[in-house]
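For reference, the structures are reproduced in the following blocks.
Paired with chain B in one complex and with chain C in the other, chain A is shared by the two complexes that follow.
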Partner chain A sequence: MGDHLSASASTQSPLFRKSLRLNIAAKQALFGYAILLPTLAIIVIFRFLPMLQAFYISFHEYDLIRPPRFIGFDNFIDLLQDPLFLHSARVSVTYVVFSCVPVWVVSLALAMLFNREIRAKNFFRSAAFMPVVMPAVVNAVVWTFMYHQDGVVNTILGWFTLDPIPWLRSSRWALWAVIIIGIWRATPYYMVIFLAGLQAIPQEYYDAAQIDGADAWGQFRHITLPLLKPTTLLVMVLSVIVAMKVFAVPLIMTGGGPADSTRVLPLFIYQTAFEFFKMGRAAAMSVFLFAAVMIFTIFQIRLFSRGEE
Partner chain B sequence: MRRPSHRGQTLVTYLLLTIISVIGLLPYYWMLSCSLKTNENMFLVPLQWFPNPINWSAYGDAWRAQDFTRYFLNTTFVAVAITLGNLLLASLAGYSLSKFRYFGRGALFLLILSTMMLPLEVTMVPLFLIVKKFDWPNTYEGLIVPFLVEGFGVFLMRQYLQSIPNELIEAARIDGASELRIYAQIIMPLCKPALAALGVFTFREAWDMYIWPLIIVTKDSLRTLPLGISLFMSSFGTAWDQLMAVAAIGTLPMVLLFFFLQRSFIQGIAISGLKE
Partner chain C sequence: MRLLTRLLAVALLVGVTWTCGSAVDAGTAPEPMKPALAFPTEPVTIEVWWHEYGPFTAYVKELIEAYKRLHPNVTINPTIASSTDMNQKLTVALAAGTGPDIMDADASYYVAYYAKGVLEPANLDVFGVKSYQELAARYVSGGLASGTFDGKIYTLPYQGNSMSLFINNKLLAAAGLDPKRDAPKTWKDLMAMCPKLKKVEGKRTVRKAFEFPYHSPRWQLQDLQPMTEQFGGKILSDDGKTAYLNSPETVKALTLWRDVTKECGDPKNTKNTASNPNQDFLDGFTAMWITGPWATPQVVASPIKNDFTVVGLPQVDPSKPRTMVYGWAWGVNKNKPEKNKIVAWDFVRFMLSKPDEWLAKAGFVQPVKGVSETEVAKRFPFFDVHMKDVQTATWYLRSENVNEIAQAVGRAVDSVVYDDADPKAALDAAQAAVEKVLKK
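After this line comes the complex of A and B, so read on.
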């Protein structure tokens, strides 16, 4: 009797079927957690916690030897009065502005060029893309060589009867030398992103515009630009963040000199932390950099979404 | 009436394309040609555009001056490990976040996303302190583990996997396939294009890594190629032929990767435009 009851209850009752389904759902959820776990562990330990800890350390004085000492906002106040830091921030802003704006224009122009019917397109596109392929350190080494007083850059300037420029030896020119490399390397990268954006615009739009008698400029102004807006925003945000991080090229080419003219913020952070062992101060600088990245990203997204209304 | 202007336009287009190609390729040409020059011919006026005589000794000399074989193997090992880690972990996490229902899924995804735009330059100080706690400076673990997965890869795989119909997974479950088997034999093969693009992208970034090895590696036996090259430059700054030879060898794997996996290489860049 008892056997019979339990057997029928276990196979037929809706309660059982529900618990069976729940059991399967729980098992699947467990599997879902399990395969997310390694990723979560790494992201939390090596990305998320350091982000929080950067804030914590920035309120301390810490030289890796003595235990950290809480000093409140002193690091931030010191930094805002430190001419070296303000200079470095200025260098970074100059680098970002003058390396990014040309990249936006040129990479879009290149993408439009490569979006047309061209013979030997693959060859030309690969050639234009090659700067992305060169590793950053190699990039720095080769360009240092090319910027030599009797090097290839000055030789080419000579063809146009321009005087040789003491690129990396003069505090007036060194930052421009670094900016030129930044443009050279970043342009094809964003060209590819723009190209993907362009290819997503249906050809019918252009056909219709042509029938309506729109010229090339009108098509660009009223079809390409508006439809490319999400891509443009993305390129702007990405390129500025990448430019804010520039490090290997100035470190290797000039070490930040001459006369601090190429000491961008990441380089200054690195030197403060790992050459002068002022961890708290370096962390405070990172917080400024972080804030700049955030404010800029939000500002740009706002700017673009307002235009849409 | 249209033809001449059309032809003129074509001419301008190809002229432009040629100039762009020259600008893109010049540093490569210069690196190669100068690695084959003798050091006396390096800064001749006028410039020697083609090496004469051709001199191959720089490659051997540079390779013997420092343990570049070791640096090369270190970089290869680290980059391969990071790439495999990213492919495995990002696809697992993306699969979990797109196809499984559980408590806290949205919040966990946001947590991962929030680290996506975070530059290493912001976190390098605390990251160094954490890695130091693990006692990992001057170890392969220190070079590899913090980079085994990135928010971007997870985001990418999640987006990609969302387009795969759930019915496919349900059908496999009804057939009695285990969850792991579904992932390995159904999900992974479907993700091939995304995995290829992510793999090439990650490998390129890992091959390029400079600031992090600079911070945590001081032992010669753990130096990566970028460290080796920059060290060679600061200690043998005038041996330009050798420096260019080393640079050329450090670039070769990237060039090969580009030529053999061109589609995935470019796709890898194009998808980095997915971050929104």
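After this line comes the complex of A and C, so read on.
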């Protein structure tokens, strides 16, 4: 009894209470980490370890079956002199520029439209989001039919007495055909992100601006755009990364042709790895691509940060 | 520190986004060959992989059941993959040590598997022969050339397809041509028929007289290879180390390709795809088309039905015919237990023992002697034409770098046809690309 009383007294001491509080905090932290651990393990094992492996393989000659042979920087040096790689890089850059810039503009415009009080707003928002929900393979197959000589696209051109365009069978048009699908597919996704950003801007700012006599353009320029900066940065970074990785649509629709006109870098990486079985070379291309995206992303973040400072 | 934190955040964002993203009834068959060795009596399980093609899959499944009845101790697990994915899946599985006991691959890929040391040579005891020459003697001349390495036979083809000219009789008749009398023997003959067959309304082509393939670089090489040989050249040296893509003969072949295309086709307008390579011909959109005997069941099932003719591949000089044969073959995985390899080769022998059934049920022509005399072959439309083309054929290019060579050829063809590039310049670029690959 005496022991019990003494134990009870000690648990009530300020020192014990402090250590108990620390223990509970530590336990909560541990519990939090325990919950995070499976996800973290999956990300590390299935995402980051393969990326590290790719870095390792990029310094080797490896055909999957014979053991890898260390060749130092040969893959990287060789790629910089390879006209096919440089051509694919150019195709990818063209794709990124001409798909991302329209996506930024159109998705912001649509977000502003759907942020207004319009009839059947929810229906239109859902309808606009459909291309995102459709798998890339389905998109590619459907658009292949639409781009055919007698397909929907050329039929519409015919209404305006325009000649049919060989969308997927012309090295002049094929990349534009793929870019159009990229814009069509990405716009609704980024529209939703912009919409969320727009809805986070307090209405009071606009009310105050109206009282001060600001017109719609003034409100857009001095309230909407500055307050959408973090959202815009997110949209720009994500859209460039996703566009840099475009693969399924050119693979299914053109296989990279005609005459390599749609062979974007991820498709060339895939062919080098799984058709030519040059894993080291493909890994080196991936490292180049990764570095390019990384540099671009840092550049964008710095650009936006400078404005803040 | 702030910069470091930002860099780490960027690396994490790029890394996670990067990796998460985009996210036929059988006639009299030749006597089956019998094994002359002790067959395993204990339970044996083997894996067989093959590429998806409806009639082929159905027939192989039938053969598996028949073999299991003969050998109740043998379990055969099938895996079916699309033809376009098979090489990739097979290579990855062989690398991971999870490859099948029996593999099915495009014959042109086996040189790479041989070089990588994953192929088991044919078990002579299973085939009841004393030498590889004795086994090869069962096939037509060159029939096993695609799977013979350093004097040993490593793969056996279940299809060795000619590439012959299929003609839509109705379309020719509508143009006032007789499919039998007017069928082209030379490229010149073919070009002379085109103005009558090709139909253009305004700027829309509504019917093509003839077309080369544009849906796959491998198909493009399939046609350019025999054309080059018809001019007396070749794409690659016999040892596979020297390419002749910009030789005068290859340039002549590509120039002919361009001229035929301008006169007869419209490559910007096609529904052919890798999975439906014959679509324009089946739709009656192209009057003449080069394809293999395996397309016969598709043609018969299409609106064309039996109203078609097959003639030999057009030639530059019919007195020196050169054609091309390509196909798929069975091979056995070297890295499997001995008992599995015996059962695997015995099942391959069993599968291939009835070439008439292969023709009847899958439309595949095995390049074996005597198949022409079977009742099925006699009933198969234009079988004699296909076999004649096989006899003047060389196998599809055999090289570890066949896909890169095909890509270079496809690029050259595309740039000439779609971008009006000079054939010599286009082939110079292809030669440079292939030389670089071969040097390594």
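Note that in this section the second predicted complex is superposed on the first by the 271 of 309 C-alpha atoms of A that agree within 3 Å, B and C clash if a C-alpha of one lies under 4 Å from a C-alpha of the other, contacts with A are read in each partner's own complex, and residues count from 1 in each chain.
In the analysis below, a contact is a pair of C-beta atoms (placed from the backbone, for glycine too) under 8 Å apart; a residue touches a chain by one contact, two chains touch by 3 or more.
Just so it is clear, the structure is predicted and the values come from calculations on it, not from any experiment.
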Item to complete: Based on the superposed arrangement, let me know which partner A:Leu195 touches: chain B (first), chain C (second), both, or neither?
Response: first
Discussion item. Just checking: does A:Ala283 make contact with chain B only, chain C only, both, or neither of them? Give me first, second, both or neither.
Written reply: first
Practice prompt. Check the contacts made with chain A and report whether chain B or chain C touches more of its residues.
Written response: B
Discussion item. Between chain B and chain C, whom does A:Leu238 touch in the aligned arrangement: first, second, both, or neither?
Written reply: both
Practice prompt. Scan A:Asn139 for contacts with chain B and chain C and give back first, second, both or neither.
Written response: first
Worksheet item: Is A:Gln271 touching the first partner chain B, the second partner chain C, both, or neither of them?
Response: second
Discussion item. One more residue to check, A:Ser171. First (chain B), second (chain C), both or neither?
Written reply: second
Practice prompt. Touching chain B in one complex and chain C in the other: list those residues of chain A.
Written response: 43, 46-48, 50-51, 136, 144, 148-149, 238, 241, 245, 247-248, 274, 290, 293, 297
Worksheet item: Where on chain B is chain A touching in the complex?
Response: 13, 16-17, 20-21, 23-28, 30-31, 34, 43, 45-47, 89-90, 92-93, 95-97, 99-103, 105, 108, 111-112, 114-115, 117-130, 145-149, 151, 154, 179, 183, 207-208, 210-211, 214-215, 225-226, 229-230, 233, 240, 243-244, 247, 250-251, 254-255, 258, 262, 265-266, 269-270, 272-273, 275-276
Worksheet item: Given the complex with chain C, which residues does chain A contribute to the contact?
Response: 43, 46-48, 50-51, 63-66, 82-84, 136, 144, 148-149, 163-164, 166, 169-172, 237-238, 241-242, 245-248, 255, 257-260, 271, 274-277, 290, 293-294, 297-298, 301
Worksheet entry | Complex contact set, residues of chain A against chain B | 25, 28-29, 31-33, 35-36, 38-40, 42-51, 53-54, 56-57, 110, 113, 116, 118, 123-124, 126-146, 148-152, 155, 184, 188-189, 192-193, 195-197, 230-231, 234-235, 238, 241, 244-245, 247-248, 251-252, 265-266, 269-270, 273-274, 279, 282-283, 286-287, 289-290, 293, 297
Practice prompt. Within their complex, state which residues of chain C touch chain A.
Written response: 6-7, 10-11, 13-22, 87-88, 91-92, 94-95, 112, 116-118, 203-205, 214-217, 267-271, 273-274, 401, 403-404, 407, 410-411, 414-415, 417-419, 433, 436
